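Paired with chain B in one complex and with chain C in the other, chain A is shared by the two complexes that follow.
And now, the complex of A and B:
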């Protein structure tokens, strides 16, 4: 009986923590949806933004909300910088060129963080960290439920942005028919920059939420989160925002269940097998959008 | 008027310089090269080691420097190279150092680097069939037990974790006889954590504690709820965590969330650092860790201040680097090392012989013994996290 409760608890914990993967997955997928490019520096930039929020507010006893907002703002700035460094002046026709430039940027951002902090883990504030909803032996962490709710809000806001605003129409137009969009007077550069800023803001929040969920920030996080973000993007379907959310929660849950039953040394093995299974049997992911770019 | 004053001042300057010239001519620069991680997530270890080497060199230079084989005074100059905690880069860095006039190197940070690096050194001195590098290296940080055995050119000034935890568990048995059970937590993919966990476990059993089980996680893990629930279910008296600050803090925070409050917490030597307190001072309150450094003697206090002035932090690892500079000074003087370009090979041999002959050295906490397999037996004490700082809990008799 206790084993069953523990297994359920593991699923619940994993699914809730998966909300941080979902937030990252949304950023990966949005950039892919608009530019059809993978930005491998996204998770590193997200963690970088969370670090920047701590460093900029060092010495000020800022409330967690302010730290999170600062992380989002820093994420936006870093997002724009990423666009200019790794995309704007790189030939977009060559998919390998931008892939490699973002790998370079991943390492660069990581190293900047390491040099700014000497690689020392830093305490990160959390909201609702002392809230635990208990039902007998079963409990749910308040801070992770907040992250989960934030992921849902982000999805709704992004949906509204994409489907209810002129900016969204322009973004979808660039995503689907870039040449036609340009002929209609839409600035492709402008849309791309805005996409990076918006995903950067989201990434900053994702970095902050990850820091808050763990309670500590470390440069060690960049690489595993990059891998998780990519897995979530592939499983959810490249370009699908609801897919990223569902896949984030799914990956988080599966990770914890495997860890519960098989131990930490086999955990990543099963997650990778899940990725390969999707690549082989459902390459479009859970919610692959209809193709439409020329 | 001003013109005359300027001429007189200039003349005095020239005379002064000429007078001082012979003194400068009697001095030689003795370059000591340190190496370790100065990038990547363990960068802080390199920063601390470099600061400690420089602080000790400054101290020695201020006191008159080192007397070289021909009677000349030598002044230490420190250079520190980055190996990124990567074995291949560590080997490449040492080959570069060995191709210069250097007669010894200090490092590395990581055990995986030391293990590979010591493997390229000549195993047995005088073995003509072994073409390995004949270059003495003395390690300050790499903590995995028994590494110096790999080559007779390898030395370490690293505390013995076996002795530390043996003493800690024996002390716990006398101080807390009511504690009967222990649960372990280990960072499974890190050599040092894994090896030390083995020591903790065996010493716990030797001292009559029942090991109820262990939780495992990886160095870059982000969630510890499953592992901590195992702990909670076992309800042990003691939790021993063999992990570095990032995951130690992650686990301690999760324990706090799940209300896991063991009667006693034990940590890994490397976690008795400022990083743990920066990451989770509140949750780490009370954790007991054995360490070979704390600013408890006048020498240790002074060293800690000097290292801090140079942008580092004195801990059990960087304190070892600080001590190494004084060991090198003694060996240079005793072995009459020349530190000249044309005596490099002879100086290397003399340095190796000098280091190998050491039976005892001066450490910041007291005398440090040397073993025949080129390891150190360092004095240590137990510290615990209290009110956001590390405070001495007990100093075992050495």
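And now, the complex of A and C:
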């Protein structure tokens, strides 16, 4: 009985933390939707943004909320930089070119972080870490609840931006029919920059949320987060935002319950098996028609 | 009004336009006829700025359009209804129209223009909340025309609006073309349907293998002659 409660508890914790995976998945998927490119530097840039918020506010005793907002802002700036360095002047017709440029950027961002911090993990502030909400037999951690709530707010804002504004129409137009979008007077370059800034903001938040949930930031985070973000994107279906959200929470819950039963060393093995199952049986992701691609 | 001079557009080494010159007069319907592969769509895409010409100029009322981005060309008053319509499939009919007005400011004016489109195309009003990808071919064509008109163009370019449509729907599309023109819109129309095109056109050009080979009014050349050259290619080749 105690086991079951603990198992459910670990699922709940995992789903709450899964909000960060969902944000990363949304970022990968949005860029793919607009440019039909994978940005492999995305998770590294997100961690980089969280680092930047710490380093920029190092001198002042900033409240955690300010650190989070700073991470989002840094994420936006880094997103624009990533676009100009790894996409703007790279031949987009070559499918490998931007893959290579973003891998290079991933390594570069990691190097910058390591050099700026001497490779030592930094403590990241958490909000409501002393709050525990008791619901029956379960304890809901305040810091994870906050991370989850923040993720939800970011997703609602993103939805409103995409479906309730003129820029959202432009973004969707470019992702659905780029030639017609240009004929409507929409600048593809403008939409690309906007997409990288938006996904950068989401990534910065995800980086801050990761730091807050774990308590520290380490350059070792960027590779596992890149892999998780890509897994979430594939399971959710490339280009599908609802898919990325559901897949993010799913992966978060599953990896935590696997960790509870089988230990941390086997955790990623099961996540990989989940990915494998999707690639074989549902290559188009959660919400794609069973036939898969397009 | 719209002047194209000595336009050369190439895909790699292959020149699709080999020095095209033509003129679209204000307030009229000008047609461009020609067989598959003559370069008609290439010409439209070059005028709209999607393709960059290697040589030559496009001018609107004397103002140079060559080299401008597609967005700037829309701002100058040129709108293209592309071949195959290219509606935004996952957006509602209403959102498609709003996308067409992307460069305009003033919500009130845009809203009244949307209502004007619904008055002209009642089918679109019925389906305003429906995803554009679920419309029939004819409805998508009307949506593509309405979307282009939402930018309030001075010249409306239409690339094969009759493509793949049933005869009754084609007649409806051409009725709309005539109506738009009577309301003052200058139209430059690319067509394979020579019969329908010659009925509405004030002036027409024949294009073969990247060159303009005839320019005149519909009365000047017998329809079967036009059809032969438009469908079968050069008369010389036909013997």
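In the analysis below, the second predicted complex is superposed on the first by the 284 of 294 C-alpha atoms of A that agree within 3 Å, B and C clash if a C-alpha of one lies under 4 Å from a C-alpha of the other, contacts with A are read in each partner's own complex, and residues count from 1 in each chain.
Just so it is clear, contacts are C-beta pairs under 8 Å (C-beta built on N, C-alpha and C of every residue); 3 or more make two chains touch, one makes a residue touch a chain.
All values reported here derive from a predicted model rather than from experimental measurement.
**Q** Tell me the contact category for A:135 with respect to chain B and chain C: first, second, both or neither.
**A** So A:135 meets neither chain B nor chain C here.
**Q** In the superposed arrangement, does A:280 touch chain B (first), chain C (second), both or neither?
**A** After superposition on chain A, A:280 lies in contact with neither partner.
**Q** Thinking of the overlay built on chain A, is A:265 touched by chain B (first), by chain C (second), by both, or by neither?
**A** Only chain B; A:265 stays clear of chain C.
**Q** With both complexes overlaid on chain A, does A:184 touch chain B (first), chain C (second), both or neither?
**A** After superposing on A, A:184 lies in contact with chain C but is clear of chain B.
**Q** Report the partner of chain A that touches more of its residues: chain B or chain C.
**A** Partner touching more chain A residues in the overlay: B.
**Q** Does chain B (first) or chain C (second) touch A:93, or do both, or does neither?
**A** neither
**Q** Which partner does A:176 contact after superposing on A: first (chain B), second (chain C), both, neither?
**A** Once the two structures are laid over each other on A, A:176 reaches chain C alone.
**Q** Once the shared chain is lined up, is A:166 touching chain B (first), chain C (second), both, or neither of them?
**A** After superposition on chain A, A:166 lies in contact with chain C alone.
**Q** In the complex of these two chains, what residues of chain C are touching chain A?
**A** Result: residues 48-50, 69-71, 74-75, 79-80, 82, 86-91, 95, 98-100, 102-103, 147-148, 151 of chain C touch chain A.
**Q** In the complex, go through chain B and note every residue touching chain A.
**A** Chain B reaches chain A through residues 39-44, 47, 188, 216-223, 225-227, 229, 233, 245-246, 249-250, 253, 257-258, 274-275, 278-281.
**Q** Given the complex with chain C, which residues does chain A contribute to the contact?
**A** 166, 169-170, 172-173, 176-177, 179-187
**Q** Can you list the residues on chain A that touch chain B in the complex?
**A** Of all residues in chain A, those touching chain B are 2, 6, 9-10, 13-14, 17, 20, 111, 114-115, 118-123, 129, 132, 139, 141, 210, 213-216, 218-221, 223-225, 255-256, 259-260, 263-265.
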